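There's a structure below that I have some questions on.
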Amino acid sequence: MEFSAVPKLCLHLISSAYQRCRLSGQICRLAVILTHSSSSHSSLRISISDTGIGCCLEEFQDLWFSSTDVADNWGIRDTEIHSYQINLKGSGSSRITRLPSNTKNGANFSGSEVYLSSFVSLDILLADIHTFMQKMQILKIPNVAIQLVAEDCDVPESRYEKVFLANECKQLPMSASNLELLKSGIEDYVVKHGNNLSTKEQLKVGTACCTNNRLHTELVMEAVLHFKDFSPSTISRSSVKVLQSIDWKTYGLNLRGIVEQDGVTLLEWENLPKDIHIDMTTIPAPRKMPPLYRNLVKKAVKLSLDDLKANHSQAFLSSRALQIRGYAPDLAKTIAGLILSSSDLDFQGECLSLLGLQFQEVGTEIVESCIEERIVSVIEMNDKKPQNSQQVAPFLFEELEDPVQETEFQENDFSPLDF
Amino acid sequence: MEGKRTRFPSESQPQSVILLAKIKEFTRALLADLTNGRSPLILIYRFRSYCAVPNANCFCASDLPSGKEVLTLRRKSHAHRLVVMLRVMLVVQKLLQENKHSSKRDIYYTYPSLFLDQSVVDQAINDICILMQCSRHNLNVVSAGKGLIMGWIRFSEGERIFDCISSPNTAHLVPVHVEEVQDWGETLPNLCIDIISVARYILVVEKESETYLLGLSLILCILYTKRFLRLLVENLRLPVYCLVDCDPHGFDILTTYRFGSMQMAYDTKHLRVPDIHWLGAFPSDSERYFVPNQCLLPLTAEVLLIFLLDKRKVEAMLLRCYLQREVPQWRLELKLMLQKGVKFEIEALSVHALSFLSESYIPSKIESEVSRR
Amino acid sequence: MEDLQNLTLNFFSDQELCNADIVPPSQVRARIEVSVLNFLKILNASNPAISDLPLIQRKYSNSRVNHGLLTELSRVFLSNSVSTRSLMRPNAAKAFVRVWKVMEMCYQILLQEKRVTQRELFYKLLCGSPHLFPSQTHVNRTIQDLVALLRCSRYSLGIMASSRGLIAGRLTLQEPGNDIVDCSLCGSSGYAISGDLNLLEKLVLNSDARYVIIVEKHAIFQRLSEDRFFHQIPSILITAKGYPDMATRFLLYRINRAFPDLPVLALMDWNPAGLAILCTFKFGSVGMGLEAYRYACNVKWLGIRGHDLPLLPDQSFVPLKPKDLQIAQSLISSGILQDNYKDEVALMVQSGRRAEIEALYFHGYDYLGKYIAKKIVQSDYV
Amino acid sequence: MEFSAVPKLCLHLISSAYQRCRLSGQICRLAVILTHSSSSHSSLRISISDTGIGCCLEEFQDLWFSSTDVADNWGIRDTEIHSYQINLKGSGSSRITRLPSNTKNGANFSGSEVYLSSFVSLDILLADIHTFMQKMQILKIPNVAIQLVAEDCDVPESRYEKVFLANECKQLPMSASNLELLKSGIEDYVVKHGNNLSTKEQLKVGTACCTNNRLHTELVMEAVLHFKDFSPSTISRSSVKVLQSIDWKTYGLNLRGIVEQDGVTLLEWENLPKDIHIDMTTIPAPRKMPPLYRNLVKKAVKLSLDDLKANHSQAFLSSRALQIRGYAPDLAKTIAGLILSSSDLDFQGECLSLLGLQFQEVGTEIVESCIEERIVSVIEMNDKKPQNSQQVAPFLFEELEDPVQETEFQENDFSPLDF
């Protein structure tokens, strides 16, 4: 393995450990200990341990090999603390060694520890990890305490130690869910680092929590601005496939393509207004996904998009609805015409009162805009409902006793006499 | 079901008042849905005058709807149809309120960029008729097509007297407001029928020519006169004969007179003339009357595409259920047209003598029709 | 006034005007017989030859525009440039024989005192000489040739020309020996103008109208006559349902001659075709051949014109089609348009849009009548 | 030179000598003397001498070399009898040796003698020459006496001598021109050897005589049947070009191509009726022609074709006229129809009398054929006139005093300004 890859691997391991802590829901500790010693066979020993939900061997194998399945035998119900060593010089499955586990003695937590050794420079690695942990603070997870320790055994008094705690979440109630915390953190982050957004109100964030019992875990999906600053890694090909399989048009979006550039994955949108940036993250963001897992991610993404749309329907109208909404002014004008051109004053009055308008104040434009508003809102409402779950409304203007089966006319022939 | 298709209201109110009320009701219901945040759903029945399964046990003759369509605001195509339908309804409301008449073309030209195409307007008019359970003329939408009449008839429309008898060689325009003729006929039935009785039969022809009519007692109608023809038939109780080109188009005209068109299937009962007889030109006439070969155009006009179109049209028509059921002998002739692969126009019959049609063809054909019955 | 018109007419006919007359059948027959005799004489002369047929050219290059000096009347007419049909040029021989073929057919039709449609004529010719008349267009063109040779109208040749024209309003017509037809009582469909020019020539006209209004479209005509617009503004309404046929132009011409004080106003779509239709009423067209020029009529343009456009809703405009631009081009290059008409065409081209008269219905069905009345009262026509 | 070429060369030299005699117009003698002698250096000595118009060196050079110009210094005005020897073994200009000339002593004739020697068999050559001279009799030129002498010096009493005289031309007056004689001869020949022609009447021959003063000679062109039997040689390329440049369509002929086959040149015609054979010859038929000479040949061919057409217009109508004549029946039928369908007896009478028909005898077919006949005759008459000299036909109606005539009529003329 190249030297440059070691920091990446470390960040990934830290990220995974952090996820395990976050998902446990308990108060957890994540410790990263870097020890440099010129006497040992590798110059730098890296230990990443956590008291989260526990992990399994296959999780690490995925880092290099295509795995057929992720074993589901890990979690807080395990009785032991697993311990692994990664041998960077090894090859194949021999790279990862399962060290003897320590029993938890019935305690209600799980835990993992990963060791690895490398010749990478302590200072550089420490700086990378430090930055990464600061970024992780965005997640605002209060139950995880992160401890970063670095020591050069050859240099006395060189021990560095820092504890990261989510201390900015005072505005949120202690009972806030992970999801809410994450949302708040991301909002803070975007506002802090963000673009032209001056207020938090303009920021639209959709979240969704989607559980799959078979995996004994939950996936959280957020749609936020400036995803690329957050993620230390590019999106895996599986994730790209998931993103491509989503029907963006339902949300008025048009994914042109996914481009990888300088290690950063960019989603390119068509016809997106200039002042809008859309990026997203899934947490956890696995590198390779079995089909089941993939469906879960997709579901999470869709749910959070639905969440976004539910709260900001105007901005995320499907392109279908957008097209239909294009007819609203004409439709409103026509209906207003039907009302106002009627010679029946009673009828006019009735219609206006339905619209909540007074007879006196009626100008054509007012009636039109009033109707248009309502048509638009019906269209937007229609759009929020999933396509297939549309309930059958009563037919307009029809007393239907014996519904006849709908048939398709293929022959649309005009008779010569239908002039 | 019968109630759905009544044209003449049982109430004493004029049709226009009823229609206006229906339009208002429709508007009100639409508005109520919108203000309640409901998406309006509009159910439109579909009617058809035939199906393409000749031997099926179909109900195409029964005047029952054969299906339905539901318009909502959820589909783009529906949204456009809805806009067009409502805009046409707005035009109709104006027409009815002001007691004016208008043609389909008129309506289209009022908002061409909204409607995009004439056919959309036509569909909207049909939809409204179905929705309002009325005929097209009830909407004060009249046909702008040309209908001509000549021969032994005299009648009036409003103040105007159509005297075809005194100028037998002149084709008179068929009145636009057929209803007025009928109303007038109902109030003064004797006058109308007395004068008309000179004629012995009604001949419907595809195109205008003077060569049909010398020395014959007949009334002659030309195209786009379905309602007027129906009115004549109802009032005069004369046999009706149809003379069209021997080509797919001519046959289509014939069947439309007899069975109604698919487009206006919802109103077929009131437009079709079920007793119309096919006088010619039959595919078999080309041999019987020695039509020269060069006057027989292959079902092609040289271009393969047109050939296929004609052929395909005939093949599609052969499937129409009513042919097998009601006029199998017509179907045989149509099959013959396909077999021979040629078509010809009425004019081809008169190449040997200018008065051939009026002096021998039409009389002999009518004679054989009469003797057949 | 009429004298002046006659004067200019004569002046030009002396010079270089060629025309086709409405001629009774007997005289057409006589002309045909003279043709045969001349043919035989030349064939039989000491220096025998097959005579060429001198046909007045129906080409743009042979058309002239006459802007009246003494009257406001302008017209398009054909000069006496001749296009010969000669048997001796192989590529023209067919056309030469066709003329004789059609002449023979017309002669027989006239003898039988019948009248045929062009389609019927086509079939008769197709039956007799399929190699000469493979299509209807050949027949139509040859009929024009024959008109140009015999200098008589198509109708005189026994060829039925059904007119699409309608007339309504404050006008009574009487065919000799028949009842008077009151065009104000003809209902919304109006009185159908006969294609028989001989009959139209004999009509006795009477009117108390103040204006003659030409309407481009049948539907607009129906609307106005249904509304009895001609009682609102005492007027005569005429439509040809688009480009005018001979009969409609002839009747308009007769009305114009009978009541020379009535201004003739035209209500057309706002597009190049609308103006072209107006121009055909006003000046005639080359395509009408020899029959065209004489029925020129000083038509004024009432609407729809550029300054009416604010009255029309946006949705009534559609983009100009390539065909529109083509028509606009040929209008401008025809050299016939007065300046304010040219400006109007330029405006159409520049705006890239067109609109139909029906767009006025946006303001209600009564609006059309009000619009016309207002324009007439304000003398808003050019 | 190959042996097989020697007979050909001889026939050519004889032909040339014969032409010189023929053209002189005087009574001439053409002598061919073949002498075999085993003692001499070549076994056979050939002498061809004539008292015709005289020749020049260049004439012979043309047999092998491209000549730039034919010298025009030979003719009956020469004072000497030229004598040449052709050395078949030589090469280039050395092949031909000018022998000393004999003076004519003021006699009014010219003469040439050509010698050559070869190893060719006397018997074979004699047979060839004998046949050829019989063929030449076709020309029926009374002023040329041909003497053929053959002798084998090794064999006593072997002398063969024959004199050919045009003795079959008794029917023709003595004053008949060369052209007439030639024509008659060819007619005789074709009738004798010809195809299905039973009588001389069916034979059509066109002749033309065309002089060019610069060449001091005349060219005669005949169009006859069975040219290939007559000409001993193939047509030269120059002649092919001349033939191809002729506008055959003017004579209703359509030259498809010129094919050389077995040393015989065939003209292939398109759409020629089966019972018609057309071949032609020009006399003299030079092998290579300077441009001036070529024009002369072309003119001669055209003139003789014109002559043919003038006498047999029906058979040689131009394709243009043929096309036009195709319309004659239709036109005649139409005009007859116009006359006969008329109810006006005066008109009918007038028309019939113009046609020279009696009222009683009139049947439709008679009138039709009478008109057709006249139309056809006008068409044929017109066709005989050269294209450019055709006068403008009169107009059917003459009352147009000053028509601005536009004669070009295109079938697809259409009229614009129909907006």
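A, B, C and D are the chain letters, set down in written order, and residue numbers restart from 1 in every chain.
Heads up, the rule we're going with is that a contact is a pair of C-beta atoms (placed from the backbone, for glycine too) under 8 Å apart; a residue touches a chain by one contact, two chains touch by 3 or more.
In this text the structure is predicted, and so the values were computed from the model without any measurement.
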| item | value |
| --- | --- |
| Centre-to-centre distance between chain D and chain A (centres being mean Cα positions), rounded to whole Å | 103 |
| CA centroid of chain A to CA centroid of chain C, Å | 75 |
| Centre distance in Å when chain B and chain D are each reduced to the mean of their C-alpha atoms | 78 |
| Distance from the mean Cα position of chain D to that of chain C, given in whole angstrom | 64 |
| Of all residues in chain B, the ones touching two or more other chains | 94, 114, 144 |
| Touch-based graph of the chains, sorted into line, ring, star, complete or other | line |
| Chains that touch, pairwise | A-B, B-C, C-D |
| Residue numbers on chain C that touch chain B, as the complex places them | 109, 112, 114-117, 119-120, 122-124, 126-128, 130, 160, 162, 164, 166, 175, 178-179, 185-190, 192, 194, 196, 218-220, 222-223, 226-227, 313-318, 356-359, 361-362, 364-366 |
| Residues on chain A engaged by chain B in the complex (per definition of touch) | 320, 323-324, 327, 330-331, 334-335, 337-339, 341-344, 347, 350-351, 354-356, 371, 374-375, 377-379, 381-382, 390, 392-398, 400, 403-409, 411-419 |
| Interface residues, chain B side, partner chain A - complex | 20, 23-35, 37-43, 45-46, 48, 52, 64-70, 73-76, 79-80, 82-83, 86-87, 89-90, 93-94, 97, 114, 119, 122, 131, 143-145, 223-224, 226, 249, 252-253, 256-257, 261-264, 316 |
| Residue ranges of chain B touching chain C (in the complex, touch as defined) | 91, 94-95, 98, 100-103, 105-114, 142, 144, 146, 157-160, 163, 166-167, 170-177, 180, 207-211, 292, 294-295, 345, 347-348, 350-352, 354-355 |
| Chain C to chain D touching residues, read off their complex | 29, 32-33, 35-44, 48-54, 57-60, 63, 76, 79-97, 100-101, 103-104, 107-108, 111, 129, 132, 149, 272-273, 276, 279-280, 285-287, 289, 327, 330-331, 334 |
